[in-house]
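Order of writing sets the chain letters: A, B, C and D. Residues in each chain are counted from 1.
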Amino acid sequence: MHWLFEPGIWSNAAVRTGAGVGVVVATVSALVGLFTVMRSQSFAGHALADVATAGGAGAGLFGFSPLAGFVIGSLLGAGAMEAIGVERVRQRDVATGVVLGGATGLAALFLYLITLSSSSAGSTQSILFGSLFTVSNSSFGVIAVVAAAVCLALAALGRPLLFVSVSPDAARARGVAVRRVALAYTLLMAVTVGLSAIVIGSVLSTALLIGPPAAALRLGRGLWTTLALAVALGVGAVGFGVVASYDSYYWWPSHRALPVSFCVVALVVLELVLVNVVVRTTRRRDAGARV
Amino acid sequence: MFSSFMTNAWIVGTVVALLAGATGFFVVLRGSSFAAHAIPNGAFAGAAGAALVGVTPLVGLITFAVMASVGIGASRRHRSDVATAMALVMMLALGAAFLSLSAAYEPQVEALLFGEILGVATTSIAPVVIIASLCAAALAVMYRPLLFNAAAPDLAAVRGLNPQRLEMGFMLTLALGAALTVPVVGALLTFSLTVGPPAAARLVTRRPGSALVASMVLSVITLWASIAASYQSNLPVGFFVGSLSALAYVAARVLTQWRGRRV
Amino acid sequence: MSAPATIVDVRGVDVELGGRRILTDVNFSVRSGDFTGLIGSNGAGKTTLLRLMLGLVQPTQGEVVWPSHAREQRRVGYVPQKVALDVDVPLRVRDFVALGDDGHRYGLRRRTPDTWRRVHDVLDAVEASDLAERRIGALSGGELQRVLMAHALVSAPELLLLDEPLANLDPGATEDIVSLLARVREREHVAILLSAHDINSLLGVMDRVVYIANAHVASGPTDEVVRPDVLSKLYGHHVDVVRVHGRFLVVTGTTSQEPVAEHPDLVVE
Amino acid sequence: MALALTLSVSALTLAGCAPTRGPSGAIEVVGAEVQYGDVLAQIGGAYVHVTSIMNNPNTDPHNFGATPGVARSIAAARLIVQNGAGYDSFMNQLEAASANSSRVVISVAALRHQTAAANPHFWYDPATMPMVATALTGDLVRIAPAHAAYFRARETTFLREWRAVTAAVASARAQFAGRRVATTEPVGDYLLSAMGLTIATPFRFQADVMNGIDPSPQDIVTQQRLLTGHAVGALCYNAQVTSPVTQSLVDLAAANHVALVAIYETMPRSLHVQSWMLAEIAAVRDALAHGTSTRSIA
């Protein structure tokens, strides 16, 4: 196994932290992201991480915790998107764009005001690449608790959400409060994205939210299989990404390791591409076999 | 407000706002906001890659913007938003890998993407005008197919319109505009103008031609008002462009709702 | 008077989609001026057959021939059953109809007054002139259907394909559309092929029928096709055809693969 | 509410640009970073009007938008001191937007012949500020020859006062040479090296944090072991830019009783460059000699 696992990998505390945090975030992202992909809300899922930045900058300016700032910013952004948003995908896309544009403008203002204020409290800039490897135990605790809460809420919301996502009209006819369900879901997504954006960066947060569920939706048949597949693909990408990042340290004499964000994202994209290729060829073979 | 140090900002700002208004009309119509966000932002990796191999960053920027647009355009058939998200994160992650491998201080890489409207050199006016005209010409040529494909894709396909080719053409236009105007005026500014005013414009008129013109006019007004407000208050232009663009859309929504039915 | 020219000839076509056989050895042709009903129950393959004729679905065997034209130049209009339109799309009805003429062309050509005259003409033909200035996204279902017809007619097709234009209509509205189509055929000199799951509403105007069942079709003049022997062969088991008050009643045995209750051919009077 | 916001914003704006008012007709000068603006003010005195742009460069280039006020100052400036090496590349853009052949721009990177440096925090090198002072004095004299004597006298004063800094560095070097410290970013590296200290943190790690990308697990563990194993005398962290990565290291150091030294990326406004450097040196001394943390020097 030495070709895969460089010696000492599991005795490395940072690797263990990274793998642990990664598994938790990948799991909750895969579960939440399945609906994001089904509802074609990828843009919102990504934009919320950027919108959260405005909250982070606001936190820097008004002096409260960046973590809270990120989550609050993300939640407010989600609320605004849903307030504007309509069910049609294209209009939701516009709503997301409008909120994203407004929020980045606000972030520009906050960051400018921070430059002027003499406070030495650092601002939280937009975090493209957080680090899986340096999550403190206390943040790990917060993440685990919030992740569990999100999963529970998702379970409670699951059935109407699925109904609304598959057929909003039929759901409305059955008396489901479609907009309220959509709002509740977007807020759940906002918490997930806001939290994972500050902990592991917005790039990884988007990749884990969208990639594995999209691949799973191509493969899976039933809801539970698809959910399980999404989680497995997400966790797999994180696990092997962590290992690849660790190993890459030894690939060059300069010890310039590949960032773990890159490794995980590359694996997620690879999974998606492979799944697409496999699905396409098997369908073609099925079709061919019956001629 | 019209002092000499602001002259270039007014000129280039107006050109960029006109282009953003025109591109944005189709972006909103086709639901391509995500691509309009992803292409310029992901192009960052190209600049990082260029720094690593030692060519001029603009080459990298254009290469990656075009690669992204091809990636997004090619996988239009199912779930284009997933393809867009994946193209974006892959490019950003590549940027991280490039930065990590070069290990130098590379703030210029990002600075290149996040231009400065108050810092437009006289020499960059001509390239921006040329590129904007090229993009405008491309949009004019694709005007009717874009409209048709956005309104009723199935019917357009029946009439023999190749949606893939059209999407690719549109994405490449977006990429060209992004790669050359973003380093000058910044991603934030261009994106805000690309979504807010065009989304507002289509609510206030039902004629496609007027909507396109209204979109460009609203976009220019938004930008002018932002520069003026920024000059008076001494707050960043980006703040005003972002919030006024969003405001324009919200105002149009309120207006149409208040008038009862859409025009 | 010479025999009407053949517009399209479907020759021995098989279609498979996703490994499933949808159509088998389909043969029929449409001649200019024909009013053809494409009859079959839901899921029988009517939409696939229309899409095949439009070139949107490729046959696994056989071919679709447009004798008078190269494939690119065939003049065919299509009215889909449903179009998902964005409510906010900034298009008036007349803009949308005009796109049926030039929406697929790249370039900067200006629309001439002739184009607009043609647009108003076809809107008049489908009796929707009053809708011309309305926003396309704000139309009701019935209004949109007429506009889609105008859109399909504006390029002066030889053949108009309509996918289930009578679905979800009450009897009065059905009659209106059928008689409108009859008038359109006369005025625009266009052959019409429309799919429907109920044959009876078309009896007054229909010259020919293409009947789909079990992935096979039978085609010809209505009286020659809607007969117990032809349909029994098509369904693969015994079928009775009863004429009651000038309407057809097709009675398939309960041994049919499809349960009777879901069989829309069964018209109980 | 809106009014209140506007008012507080304009108050901040005034405070932020806080130019040192000179007599009318004063030479307009700009320091891209407040520490360079301070040197400009110390030497130009009554005959210059200084505007400092970056009081806290802790902004994301994604979102940094110069205001018209900044553009105006740059357009009006006769003399500009900027860091260069990409640290403040927006300055080049703003200068290009208002081309002015009579404007003099001093790039510190160019002065040091380091236009493409891996570590752009030049002001922490004790050799930099005297170099800057001399260069800008020469330019001020060229711009306003009438006040040459005044500028020269103030330059002499500045250089004399700076000797306190070099002396403090030398004595620290005598006392601590070879001692090891950890850092989060290479902000204070030039000063720490001048003090003879060994920077135990791999530069790769510092560069990754500086560039905002994620460091490798091996480097993180190396860094953590430096703290948990008490292999370093202090953790010198960037007091102004916090990220989850650096915050976790600060927490780890605190938990392991490793002395913390706040390194300010930008000069705190209550200080001058000399007192700032002396405070930082004192903070490092306190950490290495007594194990005391300094988390604020402002």
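Convention: a contact is a pair of C-beta atoms (placed from the backbone, for glycine too) under 8 Å apart; a residue touches a chain by one contact, two chains touch by 3 or more.
Since the structure is predicted, the reported quantities are computational estimates derived from the model, not experimental observations.
**Student:** Among all other chains, pick the one whose mean CA position is farthest from the mean CA position of chain B.
**Tutor:** Relative to chain B, the chain whose C-alpha centre sits farthest away is C.
**Student:** Consider the two chain pairs B-D and A-B; indicate the one with the greater count of contacting C-beta pairs.
**Tutor:** Most C-beta pairs in contact, of the two: A-B.
**Student:** In terms of CA centres, which chain lies closest to the overall middle?
**Tutor:** B
**Student:** How far is the middle of chain A from the middle of chain B, if each middle is the mean of its Cα atoms, in Å?
**Tutor:** 25
**Student:** Give, as an integer number of Å, the spacing between the C-alpha centres of chain D and chain B.
**Tutor:** 36
**Student:** How many angstrom between the C-alpha centroids of chain C and chain A?
**Tutor:** From the centre of chain A to the centre of chain C is 46 Å.
**Student:** Could you give the separation in Å between the centres of chain C and chain D, each centre being the mean of its C-alpha atoms?
**Tutor:** Each chain reduced to its C-alpha mean, chain C and chain D end up 76 Å apart.
**Student:** Send over the residues of chain D in touch with two or more other chains.
**Tutor:** Each of 9, 13, 62-65, 67, 204, 208, 213-214 in chain D touches at least two other chains.
**Student:** Would you pick out the residues of chain B that each touch at least 2 other chains?
**Tutor:** Touching at least two other chains: 96, 100, 103, 188, 235-236, 238-239.
**Student:** Which residue numbers or ranges of chain C touch two or more of the other chains?
**Tutor:** 86-88
**Student:** What are all the chain pairs that meet the touch criterion?
**Tutor:** A-B, A-C, A-D, B-C, B-D
**Student:** For chain B, which residues are in contact with chain D within the complex?
**Tutor:** The touching residues are 3-6, 8-9, 96, 99-100, 103-108, 110-111, 113-116, 118-123, 186-188, 227, 230-231, 233-239.
**Student:** Looking at the complex, which residues from chain B come into contact with chain A?
**Tutor:** Chain B reaches chain A through residues 28, 30-34, 36-37, 79, 81-82, 84-86, 88-90, 92-94, 96-97, 100-101, 103, 188, 191-192, 194-196, 199, 235-236, 238-243, 245-247, 249-250, 253.
**Student:** Spell out the residues on chain A that touch chain D in their complex, using ranges where they run on.
**Tutor:** Checking each residue of chain A against chain D gives 12-15, 18, 53, 57, 66, 104, 107-108, 111-118, 120, 122-136, 139, 198-199, 201, 242, 245-246, 248-249, 255-257, 259-261.
**Student:** Mind pulling up the chain B residues that touch chain C in the complex?
**Tutor:** Within the complex, chain B contacts chain C at residues 29, 140-145, 147-148, 150-152, 154-161, 201-203, 205-208, 210-211, 261-263.
**Student:** Chain B touches which residues of chain A in the complex?
**Tutor:** Contact set of chain A toward chain B: 37, 40-43, 45-47, 84, 89-90, 93-94, 96-106, 108-109, 112, 128-129, 203-204, 206-207, 210-211, 214, 254, 256-259, 261-262, 264-266, 268-269, 272.
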